[in-house]
């Protein structure tokens, strides 16, 4: 049993490796086809740059600070979006008030109120704020959708057996909201990350991936640019993986099967 | 210190010094202030400065509007716009950067504006200073058959040059250094600063960056501001005399990411210190040019007399 | 005392119109009516899950209710045991009941792993464990085999003694074995046509005959 | 009956108006609090600017071109995301290949490959492309999630009654995927719109809202900036409303209740 | 001819072990076993919805199957009528059957608006409309009232003549009224303990006695 699991894991790693290799090949071919180092850096150069950077302390500091900023905004977005979704479902008047606000948040281009945010916030917190704005409406929509589809049959069970609100939340609402919230959390993680980094490019706080991207773009250091892009992508994948594991763990410890 | 907008600490020996807050933009306009910032950091300056190194003009503009900073270094056209938008609550005290626009080519065919005739030039900055200046220079020199291909970003123009999609481009610092560092076949063909002098008059130059000050601040702290101007002029002089050392300071204070880049870009950035009548005479024709091209570029009306600071 | 006062309720057709009835305070009352005539609807009205258009249900306010729904309605993300404990934390009573039902093994499964009959038994267990003042059993013995059914009926009879229970079924043998009193309802709007008490049941055959005599379904 | 419906509609309009008024009041208060016309324009000024602009033909042309660009990208994103989601669920190997690509698409900052796209595409099509990139992974995730939760009991019914694939799709897959796809479509509309306009700000094709936003920002014409932002928001809301109506119509003509 | 060859299937406990059986080619065969012993599982194995661990099911490949699942499994987003037509476009047969069942009104509703008994009848209708070669009826008469049940049994008997039908129930009266042959299964793993043919049914009472005599549940 144990051995077969190990073998399975090995197999999975090998497959992941193959996939990674496949995409790196695609990249290399792109490089050959384009034929300009300034446009597309070769995987090899990018690897070298990454390796060089990884040896330096500031590299990790930059990553750490960017991560911190964006994850902060993300978590706030998740929390506030969920709460807003619940309240808007419960109180119709709040829905009427919040819905246009969410549309505004979703639709208004950052460029429009960057001056405003610059006045009110430190450059450090703008990326957090933007990733917050990215995540919140997604969570809001999905929580509302999930609540709309909660099984009324089971709510009737709770009613006749006089369950407390708390019990209803634990046993009926949470398990049914879970997939919607999980989907929203997974989906918005990458977006928040991307939007956060994009804002860092504009607002450029000093220890930030966005700042590095900006500099390497201005000075046409394509290998550097691709290396930082790779960092962004790898981090995003790691975050997503981490989130998936976290979600799975939460789900399996609390309850087994959630439809 | 990992604050994004770097606030230099001024720990010691500050008794009796006036507190002054100042904003500098990363890039050429900030380079002249490097030595001052260093002095300030060591407590050797005559005022107690709190310096913000901002990433974009937007950030500085926001701080000026909100009166968070007393002194700011800005692009000249933005200074004029802000003057109008704040109902004249700022003054311009000095020009600190002259033309940073250059015409680059691959090859060796352009030596004067007239050589551009019949060629295609790629550039960014449509509807902004680069377009207006370039157009003005072309018109004044009666070069009419230049095809201008506008691109969206300076970085795109640089890439186009590097990949051979464009042969002649107009680029500002610091993008130009980027090109020159990665592509040895590119050559600086024309210096807009020089062209300007040739076209407008020997004494004139093309002002791109300036120092502005809040009027409110001036009312109460005239001496402190005079001290600042003195110190700043020194700082600029230092930069011109000791480029290597300044380059290190520029890197240290995060005005540019690397000392080598700073050193390379240094001669092209035309850092100056110019105040009083000379400043006014430099700025006015420039604003007029912009105003003629598009009144919005200077905030709908030409700045009046009270815009110019007098000692 | 639970009573219905001039209740009106309709979906497309009128199920109840000015329907009034007063139920006894204890005993197992079987509601016997054709499919789709409104038995489940009556339960829902009494439980407050539906509102009547006019009229009202009296005497239900302060009563705790134990319900076996027509469908099982177990929470699919909880195991059988967890489903039970969600309703009443009393572990000892829970264990006792599980043992009485002989479900020690199956109770640990999740609803989608149980057979139909076992799911049904867990529903009944849930109602018993909650131990309400009034029981509503909507076809509780669906999919339960004959031997098990007899056992469960005797457990229920013991545990429901002295309480009021409403019970819906379509099987006369279940009525005969379980009910104290049988309300035969018919017509649209539904009306009580006949009430038969336990002492008049005699035997299943005679019950069958009685019902045929009153031909509750002749107006179908 | 008819009269009461009309009354109901009137009521709804009045309520919407109240909500709009509420948010305009909030805005006006913001304006007073901030106290700088350059930072926050007053609702009155913005209204005036809008009114002035609406009288001119180019205003409508700009809107039309931006709309066209972004909606094009959005529709492509919807279609390709859905197809990719279906295929990735069906063929595991495709999932392995597509998943990292989706992560990359979701996470890689636009700034990094805007240079690339600028070389390969006309400025005109970049906003389409970016809004496409915005929508596709959202649709992909939601379709995969929806397919994972298709009721297997009903699939068994289809199996024993030997339904054709087509019938299965119409009667089982579509109705169950519908809410997931509708949520993804609604959610991503605003985001695509915002990302599209943001890209227009950078890439500035000549007839575009982004171009206008950029100009008004450069020249600090706050009223103009807010007016264009309002245009973006109003258009986004209209699009969302339109989408909602469309979705409801599709749903009601085809099938009534979709859980 | 359908037969099972040395079938093994287990969930936790072993439901079938080396189970072999050959069914007759026609007639209504009732499977009678306690709840949770594997009747539904056997259906699933025969229908190919589940795979046995070892052994195989022979003779099902080319047969069309009509199934009434233990749960109704109507598509909730289609009305009753649409649910029927999804299985067979034959409008006239559909109308005819609906009329025979007397469901003209209720068939237009959506499943969540129907009563339990009506949903069940629609399931049966669906199976009849598809008109497979083999019928699998898993407790088809749940929640259907006695009069309706008799009517439906007679319709089914008429329409299933000459076909093979598998039928699961826990009610002897249904066996007596409907089945041609009764397989009594018991034990874990499940085994056929007794086969009773229609001619030996005599009467319900005597059927009940026969079953008691063989006490199929004594090993519970």
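Each chain gets a letter, A, B, C, D and E, in the order it is written, and its residues are counted from 1.
The rule is simple: contacts are C-beta pairs under 8 Å (C-beta built on N, C-alpha and C of every residue); 3 or more make two chains touch, one makes a residue touch a chain.
All values derive from a computational prediction rather than experimental measurement.
Asks: Which chains, taken as a pair, are joined by the highest number of C-beta contacts?
Replies: Max contact pairs: A-D.
Asks: Based on mean C-alpha positions, I'd like to know which chain lies farthest from subunit E.
Replies: For subunit E, the chain whose C-alpha mean is farthest off is B.
Asks: Between subunit A and subunit B, tell me the centre distance in angstrom, where each centre is the average of that chain's C-alpha atoms.
Replies: 38
Asks: When the centre of a chain is set as the mean of its C-alpha atoms, what distance in Å lies between subunit B and subunit C?
Replies: Here subunit B and subunit C have centroids separated by 86 Å.
Asks: Rounded to a whole Å, what is the gap between the Cα centroids of subunit A and subunit C?
Replies: That gives a centre separation of 50 Å.
Asks: Subunit A: which residues touch two or more other chains?
Replies: 39, 115, 119, 214, 217, 259
Asks: Return the residues of subunit B touching two or more other chains; collapse runs of consecutive numbers into ranges.
Replies: Touching at least two other chains: 58, 61-62, 65-66, 155, 159, 163.
Asks: Quick check on subunit E: which residues sit in contact with 2+ other chains?
Replies: 71
Asks: Return all touching chain pairs.
Replies: Pairwise, the chains that meet the contact rule are A-B, A-C, A-D, B-D, C-E, D-E.
Asks: Can you check the complex and tell me which residues of subunit E touch subunit C?
Replies: So the residues of subunit E in touch with subunit C come to 11-13, 33-37, 40, 70-71, 102, 105-106, 113-118, 120-121, 139, 142-149, 170-173, 217, 220.
Asks: Provide the residue numbers of subunit E that touch subunit D in the complex, in ascending order.
Replies: 47-49, 64-67, 69, 71, 73, 75-79, 86-87, 110, 112, 126, 130, 136
Asks: Contact residues on subunit B for subunit D in the complex?
Replies: So the residues of subunit B touching subunit D come out as 58, 61-62, 65-66, 81-82, 85-86, 126-128, 151-153, 155-156, 159-160, 163, 165, 296-297, 299.
Asks: Please name which positions on subunit A make contact with subunit D in the complex.
Replies: Interface residues on subunit A, with respect to subunit D: 15-16, 19-20, 22-23, 39-40, 96-97, 100-101, 103-104, 106-113, 115-116, 119, 134, 137-138, 141-142, 145, 149, 179, 183, 186-187, 190-191, 193-194, 197-198, 201, 210, 213-214, 217, 225-226, 228-229, 232-233, 235-237, 240, 259.
Asks: Which part of subunit D faces subunit B closely enough to touch in the complex?
Replies: Residues of subunit D touching subunit B: 36-39, 114-115, 118-119, 123, 202-204, 215, 217-222.
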